[in-house]
Each structure stands twice: as structure tokens, then as C-alpha cells.
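Okay, got some structures for you below.
Both complexes below contain chain A, partnered by chain B and then by chain C.
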Partner chain A sequence: MTKTLNNKAWFLVLPVFLIVAFSAVLPLMTVVNYSVQDTFGNNQFFWNGVGWFQELLDPTTDLGGRFFDSLWRTLLFSAIILLIEVPLGILVALSMPREGWTVALSLVLMALPLLIPWNVVGTIWQVFARGDIGLLGWLVNHLGIDYNYTGDPLDAWITIVVMDVWHWTSLVALLCYAGLKSIPDAYYQAARIDGASRWAVFRTIQLPKMRRVLLIAVLLRFMDSFMIYTEPFVLTGGGPGNATTFLSIDLVKLALGQFDLGKAAAMSLVYNLIILAICWVFYTIMTNVDAKNERAEA
Partner chain B sequence: MTDSVAIRSSDVKATAAPLTANKAVAGPRVNGRVVVMTLYLLFLMLPIYWLVIMSLKTNTEITSGLTLWPQNLTFDNYVTIFTDRSWYSGYINSLTYVLINTVLSIAFALPAAYAFSRYRFLGDKHLFFWLLTNRMAPPAVFALPFFNLYSAIGLFDTPWAVALAHCLFNVPLAVWILEGFMSGVPREIDETAAIDGYSFPRFFIKIFMPLIASGVGVAAFFCFMFSWVELLLARTLTTVNAKPIAATMTRTVSASGMDWGLLAAAGVLTIIPGALVIWFVRNYIAKGFALGRV
Partner chain C sequence: MARITLDHLAHAYKPDPQTPQDYALKEINHVWSQGGAYALLGPSGCGKTTLLNIISGLVRPTRGRILFDDRDVTDLATEARNIAQVFQFPVVYDTMTVRENLAFPLKNRRVPKDRATKRVEEIAHLLDLTPVLSRKASNLTADMKQKISLGRGLVRPDVAAILFDEPLTVIDPHLKWQLRSTLKEIHRALDITMIYVTHDQTEALTFADKVVVMHDGAVVQTGTPEELFVRPAHTFVGHFIGSPGMNILPCRVEGAAAYLGKERVALQRGYLNLPKSERIELGIRPEFVRLQPRGAGLPVWIRRIDDIGRARIARVDLDGRTIAASVPENLSVSGDEASLHLDPRHIHIYADGHLVAGEPLEGRAA
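Entry: the complex of A and B
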């Protein structure tokens, strides 16, 4: 569909522009402001230049070490999440029933975890994984495995990963299912005539058709796991020790716990720049894929 | 944008059509599919089941040993929540800012989404991308500046502060979702209406809005949902008067002698709004989460 050039459309966009600028640009300016100043308390600030940024990006300092530790933890978490949730989501999407009342039932049940408030997700797993009153913790302990997510870093990680898989795999599955549904019947008939194997059908028909939705799924899952806060905060509080202190948790500790404004602001900006860069990469790929699809259909 | 139209029109028959073909291709693995699906749904439902039955148990039963269903069924935990003001006011506060936010987001997003779906204008691509980055922005970055901003303008600890703060990610979300739906409406309708002498506002309300009614519903649902599930900003921007239910819950956790039953009951009640409406949006869930891009 060709769109007409009309700069008056800006009047329609203006309200959104203003409210998002109020919610995003204005606060970010305060952050920039803090990030270049130091304070003696009492609301007295003085110029500190790029001092905070130098400290933040130097892994040998306290602040830098802490920042890079959280950053690697968060990246590792995102990588694990993607490696588990994407294949599992595809598998579930392929296993979706094809017709009848079970389709609607599966859709509704699958979507349920997505709609639970994030702190309640944390609470559910906090209870479910406890050794004394939780079904999961009790079962695992009675199988003879020593499991305690509040004491052992590895157990804490496993619990958080399982929780996130529980919470978000359905998103990947639902997106893939939407992609699969758009495949015309004729494709499958052609495959059947050619005597294609199940794997060949997946490789050459289903996977290419899912590419677009998978891209969105990976983008959303990466972003949301990269800024995860509430669920691990409720479940482990970042512990034991600092084992599950992800970037967001660290940042909130620094900003609202210690009121270390300069350091927190510098960390916020770097964090935001990373997000912005990744977002841009995905957006470029996405628009390219869209353009290619449109050309293919035209 | 043509392909979103194509997908939608094929939705109707696609549910029924590919399966005959697929069954033949998949052959005897049909059983494998059922097994995977059953196990997955079981995995999803078990923790929720645990929460629900826990809310129906007494605290002594919860702590005295594992029972798979309540031995002494009790609704006391729910009664406590509905009669104690410090509990149920949390729900009222949450609902207040969520509703304000939903109305604001949709009202702001409608004209903008129309502009994005119909016109090219200076900086449109950049603006669209910028909106996306705000949907992706980590709330943790904004917690402190929002705290300062809303304290400075005197909105701190009111539902308006949270409602406006959630606009950060909900307005972009609504714009993206609505744009996806609006692009599915052919342009010819706009042109025909203009020829028939409809003014733009009249066309928009009388003709266009009914056409994208399901889109508005889906966008509203997702604004509601994302505002409802968010806790970090809501907790930072409130202390007493506008405290959301989620924050009320976290405080009870740290109280001496953990009241597990009450905590579980409060949790179950926060799941209900989502569970109630999910049936109506079941075919649009993927579209909504994917920012209208499926």
C-alpha cells in the first residue's frame, strides 16, 4: 500500500510525541545531568565531567567490577533463556492441536502465565520451589537431591531460569503458532506429493514462514530478559550473595537503595545505550525482512 | 503492510485447512504431539494449581506438611482481603491507575497510529523507531528520575503519577498495535468517505472506529495488562495513598510469621482480571504481544 506524503500528519502524532517526550526525554535529561556531577549531600552538586563513566567502564574499580559482573550475568541469563525458550516454543507451536475445542483451550491455558503480574510470578515460584511447603522443592529434595534456592547459587539460577521458561515460553509458542497458521494448505500438499520427510517440511516450509515471527520473538525475549527485575527480586532478592543480581536489580540498589546518584545515572545511560543499539539492529533486520516479503508478494 | 492483510484473510480457513495435509505428513507422530502438549500444559498449570489450593488452606495445614488438596477447605484468607481496608484498597488503587493509563494510552495513540498507517511525513521512520525503544527501555533506568519528576510536580503517591509513568511503554505499545490493525483497513474506505462529504472527525468516529473496534479492544487489553503486571515503577512512585496491590503483597511477605495463605489468596486475586478477559482476546494474544506485527 502506498502512503501519501503529508507533513500535516505531524498534528496527529503530536500528542503522542509530547507525552512520550514528557515520560522519556525529560527523565533522561535528569539522568544525564546527574551523570556528570558529584554531590556532597545537601543538594550541592559540582561538575565531575566523565569521571563516573571512566570509573564505570574500568573493570578494576569497585563500581566497574560490579557493573561488568552484573552485565555478564544478565547477558548469560538472556543467552540461556533464548537457547531454551526458542526451541521449546517452536516445539510447542508444532505440537498445537489443529482443530476442535482443544485449540481454544490450549491457547487460553498457554497465555495464562503471560498475564500474571510479575511479582506474583515471583511469589508463585517462591512458594512452589520451597523445600518445606512447595511441591517442586519437596519433590526434588525427596528424590535425594540437595536443593535450596535461597542458599545455593546454582539452585537459585536454575530456579530463575525455570521460572522464566514457565513465564515466557508461551509467548514464543504463540508467535510461532501464528506464523504456522499463515502457511497455505497447498504448501503441505505439494510436500506430500514430493514425498518430503517431516524434517524437510520443517526446514523448507515451516521454518522460513516462521522467520519473521521468530525474529520478533527473539527481540522481545532478549529485551525483556535483559531488563528482568521483578521476578528474581521477589524470588531471590539478587542472592545468595550477588549470584543473581542482574543489571536492573543492581541499578535499583545503587539508585534507590544507596542514592548514589552520579554512579547510578552513569550506569543508567550505559545500560540504555546498550538497549538502544540492540534495538536498532533488530529494527533494521525487521524492516529489511518486511521489505523483502513485500517485494516477494508484489 | 500487504502481508498483514493476507494473513488475516487466511486466518479463517487456515485453522481447519492444513491439518488434514499435516496429519498425512506428520504420520504416526500425532501421539508425540499430544504428549508434548500435555506435558507442557501440565508444567504451566502445576504452579498455579499450587497457589490456588494454598489460598484455600489454613496456615497450620500449609506449614505442617505437604497435602495435595486442602483437608480443611477455608475461605478465610479471601474474607480477610475483602474486609480489611489495607488489603482491598490495594486492588482499588491498582485498578484506578491501570484504567487511567489505558484510557490515556488509547486516546493518545489513536490519531498517531492513523497517521503512521496512512501518511509519510518528515521523520516518520525515526519517530516509529523511537517509540519502539521506549517500549524496550528498562524501567529500572527510569525509576529514580520519575521519582524526582513526579515529586517535583506534586503528583507523587497519586494514581496519576503511576498512570503517566506507565505511558512510557504503553503509549508506544498502543501505537504499534493500532497501526497494525489500521493498516489492514483499505485506504479506499477513507477516500470514499471523503468523496461522500464526511469531515475527518466524523469519518474517524462513525466509519473508521467500528472497523478497527477489535484492534482498539486488543490494544486496550494489552495496555491494561502491561500496566497491571508492572511493579517497579508503581512501587517507586507510591507510598501510602496510591499503593498498588503488588506492593501490599511484598510488604506482607516480610511480616513476622509469614502468612502464606493470605499471600496466596492475594496472588490468586491478581490473576483473575487476566483470566476473565483472556477468552475474548485468545485469537489476538500473539498479535498483541508482537506489537501488532504478526
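Entry: the complex of A and C
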């Protein structure tokens, strides 16, 4: 077979190229542009080189200090979210019905939290958790537990974590459910014939078959939680103090609150690179597990 | 190891079965004797798999009982039944090696390690899996995976029976023969009851000592391959087994003679009490219908002649009825006129699909 060469085919790539250029490359370059300049206002900029980056990555400076504080907060938040939502999502998926009219019902119920706009979620929980008029806050306080998410950093964290679990666990559950549904009945039947225990069925059939969707679930939940902004902004506004000021909230404070465009641009670039790097690590680990399996067979 | 008895067994997938049509499996009484090699033969959707799943306990029957020897196991779960089953499509545990896969049923039943290892090696040897024992099971070919599934079925030495649900569907044709003879050898060596479900008559007839033919949720005949061939108890069996299948011709029977249209065919037995209202048919296998030059016998028109390798089969026309007949080797056919000779010993009469025995004729030559 001979390859047909036709350079007109490049025109077919043009629309994508343009869209990517205007939606991603140009805005990114603007940010890069800001990150290497400083200004004293009046729209006058002058060259600052890698100054902002040096300051940002040095924890002893003001900028670096607050950057690393929010970074650790965000990483801790993502870790907690993954540790709760992934196992919980798997458990929920395992206990969802497989057939009958309850399937549709449970799917709709599971999808409901995902349909709520993020700032509405924040508002719902802001009211729900209030000590005076919120059902949850009032109840907890009347049970004799001192709870006040606007004053106590731990309470604020718990509230945000519970809110995120409430909002997003169903995404993990739905993905896992799809993975479980794709397992043919014969596997379960064979496992019964082989006398496998419930735990063995989970370990040897369900978990391996869910591995791919779990990879997607972990990636999605990590990225979303690492970039979380709207809900904690509405709920706590980053407080009390800076207790729930995650990277994204800090970035907005820096860029729009203080209008430090250079610092904010440098921070957002580093933020972006961290996300890319962590995703790449996740992805490599997961695909390596696959590859290792295949190599073991060869 | 046990004798398996199906006692008035029936199953419907609908919750409240009323008419016989609601039953996927109509009432069955059957005994699978210990150590037999059985085939369960029938077209897709005739209830074979349902029956198999009832024996293994994956499906609970709507009515009736299952006995292993004299123990009623109807309500026992699959795990408690001591039965092995191999499914149509390969099931392997992806994360385990082939060795772990084969050992899995033993491990779950807490068989001591040294005995399990020995057993796994034996089975791997029988199925030619020894070279891949240490490999992961996930990326092997479908053939190999199905061999692993077979191996997991065979690995427990103490099972009451091994059930095979069309296990060779995904296997390459040349391997099918080999695996089938392997199964046969294993059956001889282990003295375990094996029930083999298939819709392929060759598979059934070569594997089994006894073939159970199912049609439309009911067992229509149980017998050796020879019995099924020579004396089909139902027109379905005659048609389904044999290639080409039996000629089934609507006819009228009067005493010891059948009339195909206006042509008279002499019978060896008398049929005096045939029910009037039912469909009467004459059945004869193409092997016992001989084509000969126009003369004595039924006058027919030849439509075409197929060479099917070991024989030639003529499709002929008798008053609008199509009949398959065998063409003797030395007969050269010219023109399209011929006659048929029907071997009277192999003519069967069916009423509403079922074989009618007829009465022996006394003192009269047929």
C-alpha cells in the first residue's frame, strides 16, 4: 500500500489549532508575560525576570510562606478527600441494586448532588451548618458538642470535608457502579462454583475490573479537590483566619484582592505545574501497574 | 461422587407460571448415574443452560427436587453442593497467575497446600498448561483462558459432577477435537459424572455415552448415540440429529401401509389405533432411502445431488414433498427421473411428533 500525500489535510487541523490557540495558549502566554514583570501602576510594566518565582519558592519570604501554607492545606485536603471518597464510593457502588426498578431510582438519587451548582452547594451548607438556624449546626450544638464552623478551624475543616464528601462521593460511586455493571454474570457464577468468599470475590473479580474506572475517579477527584474554590469560598471565605485558605482562594486574594498581578501570575503558573506534575505521576503509576502485569506474563 | 436425581423438576422465570408455555423448563424426571458421560443436546433457548444451572444451584427450581444420592440438595447453595461448572465464555481471575487460578477452588476449600500443588500440576499437565503456569492469566488467548476455566472445573477431585456449558464455543476448531478427547480421557481416568451441554450434535455424539435431547423446555429423548440415530423417539430428534436430518413426511396410515399422496409404502408393523385427530408423519433417515433408476419403488423427480464428502445425497421431489435420499456409489444418474427404495425396517410412524410403536404383524410378510 502506498501512502497518499495530500498537504491540504493540514487545513482540517486548523480549526482545532485555532481553538486551542485562543482558549489555552494565548491566555497562558499572557500569564507568563505578567509573571516576569512588575508594575507601579499606571499600566507601566518593567522587567523583573524570575524574581517573583524566586520569592514564591522561598518559604522564608512573605509570598513564599503563604504560598507553601496554602499548598500544604490544599494537599492535605485532597488527601483527606481521596481517602474518604474513594473507599466510600466503592462501598456505595457495591451496595447499589443491580436489577429491578430500584436501579433507576438509586441512579437518580446518586446523580442529584452532582447536578447542584457549586456555589449553591456552598450556600446550602453555610445555612445547614449554622449554629442558630441551621438544622445540622443547631442539632450538633444541642447534642452538647461545641460546634462553630465560623470560629473554630477544625470545625471549618470538618464542615468543608463533609460537604465535599456529600457533593462528590456519588461521582466515585457512579463510576465504580459502571465498572461493576460491566462484569459478566458468569464471573460471579464461577466464583460461587469455586467457593469464593465475599471478600475473595471483591479482591479477585470486582476490584481488578474496577481498576480502570478507579483510576479515572481518583484523577478526577484529585484535580477537582486540588482546585477547589467555590464551595469553601462561599462557606468560610477561607477562614477562620487562613485556616481554609486553599491555593485557589489564596490566588484570587492575591490577584483580585491585592492586585499583585506579577506575584499572582507566578503563583498560578507554579500551581498549574504542580497539578500537571501530580497528574503525570498518578497516570504513570497506574499505567505502570498495567504494564508490569503484562510484562510478568511475557 | 453421586447419582443425581431430578424429581418432577420444572422451572419458570416468570413469577407466577400458569400454562406450560410459561415454563422455561417443563417437568423433568431423570437420573444421572454416577460416572456417566452425558451430553445435553438441543438448540439455543431450549432450556439446557437452565437445567444445568439448577443442578449446580445457581438457579432454584420453581418445582421439584434435586437429589445427590439420597440427599435433597434443592435448597443448598452452590458452594455447599460440591459441584464444578465450566461456562461458555472463559472466566479467569485476572490478577492471579495460571497456577493460582487453578488452585483457587482448592484454596477456598482449604485443601492442604502440598496436595493442592500436586493436583494443580496434574491438571495443568493434562491440559498442556504446564509451560504457562507462572504467567498472569489476564493476557492469554481465549483458548488458553478457556483451558484455565476447564482446569478449575477439573481440579477438585471429589466433586459430585462436572457440568460443562458449551465449553468449546470459543476454542479453535482444530483444538476442539483435541480438547474433547482430553475431556473424554479425563472422564475415563477420574470416574466423575460429566454433563456436557451443547447444540452441536457432533460434539454431543462423540463425547457422551448417553445423550439427552431437549426441545422447547422438555426432554424428548434420552439414549445412546446409536439409539438416537436408529430410533428417534420424536420427529425433532430425527431432524436435529443426523446430517442431513431425517425425512419427515406427512402421510396417511391404514393398517400396515402408509400413503404418501397416492403412493403406497408397505410397513413392517401395524398401526391400527392411531389417533384420528393428530398429525401423522412417516420418518425415515436419508441413509435408508436409496435412489435407483426409474422402475420399482416410489417414482420421484431429482432436483439436485449434493456431494457431502463421504456420500452423495439426492434431493428429490415426490408429489411436492422434498425427500433426501442417498445415492449408491455405482449409480450414475442420468435425466431427472428416478425411483426411491425405502428400507422398511427403518420407517417410523409419528403421531403429533411422537414415535408410535405399532403392533407386530402376525404371519404376514410386509
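Just so it is clear, the second predicted complex is superposed on the first by the 267 of 298 C-alpha atoms of A that agree within 3 Å, B and C clash if a C-alpha of one lies under 4 Å from a C-alpha of the other, contacts with A are read in each partner's own complex, and residues count from 1 in each chain.
One rule holds for everything that comes next: a contact is a pair of C-beta atoms (placed from the backbone, for glycine too) under 8 Å apart; a residue touches a chain by one contact, two chains touch by 3 or more.
The model shown is predicted, which means the values in this text are computed figures rather than measured ones.
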- prompt: Looking at the combined model built on chain A, do chain B and chain C fit side by side or clash?
  reply: fit
Task: Figure out whether A:Leu273 sits in contact with chain B (first) or chain C (second), or with both, or with neither.
output: neither
- request: Return the chain, chain B or chain C, that is in touch with more residues of chain A.
  value: B
Field: From chain A, separation angle of chain B and chain C (C-alpha centres, steps of 10 degrees)
entry: 70
Message: Let me test your reading of the model: by the given contact rule, A:Ile285 touches which partner, first (chain B), second (chain C), both or neither?
response: neither
- request: Scan A:Arg192 for contacts with chain B and chain C and give back first, second, both or neither.
  value: both
- request: Considering only touches as defined above, state whether A:Pro184 meets chain B (first), chain C (second), both or neither.
  value: both
Message: To be precise, I mean the smallest distance between any C-alpha of chain B and any C-alpha of chain C in the superposed model; what is it in Å?
response: 6
Query: So which positions on chain A get touched by both chain B and chain C?
result: 184, 189, 192, 196, 293-294, 297
Task: Quick one: which bits of chain A touch chain C in the complex? Just the residue numbers, please.
output: 184, 186-187, 189-190, 192-197, 200, 203-205, 208-209, 293-294, 296-297
Task: Would you pull the chain B residues touching chain A in the complex into a rising list?
output: 1-3, 6-7, 10-11, 13-27, 29, 32-34, 36-37, 40-41, 43-48, 50-51, 54, 62-63, 66, 104, 108-109, 111-112, 114-116, 118-122, 124, 127, 129-134, 136-149, 164-165, 167-168, 171-172, 175, 183, 187, 225, 228-232, 236, 246, 249-250, 253, 260, 263-264, 267, 270-271, 274-275, 278-279, 282-283, 285-287, 289-291, 293-294
Message: So in the complex, the part of chain C that touches chain A is made up of which residues?
response: 53, 56-58, 77-79, 83-85, 87-89, 91, 93-96, 104-105, 108-109, 135-136, 138-140, 149, 152-153
- line: The answer for chain A against chain B in the complex is residues 1, 3-10, 12-13, 15-17, 19-20, 22-24, 26-28, 30-31, 91-92, 94-99, 103-104, 106-120, 123-125, 127-128, 132-136, 138, 166, 169-171, 174-175, 177-185, 188-189, 191-192, 196, 198, 201, 212-213, 216-217, 220, 223, 226-227, 229-230, 234, 247-249, 251-252, 255-256, 261, 264-265, 268, 271-272, 275-276, 279-280, 283, 286, 290, 293-294, 297-298
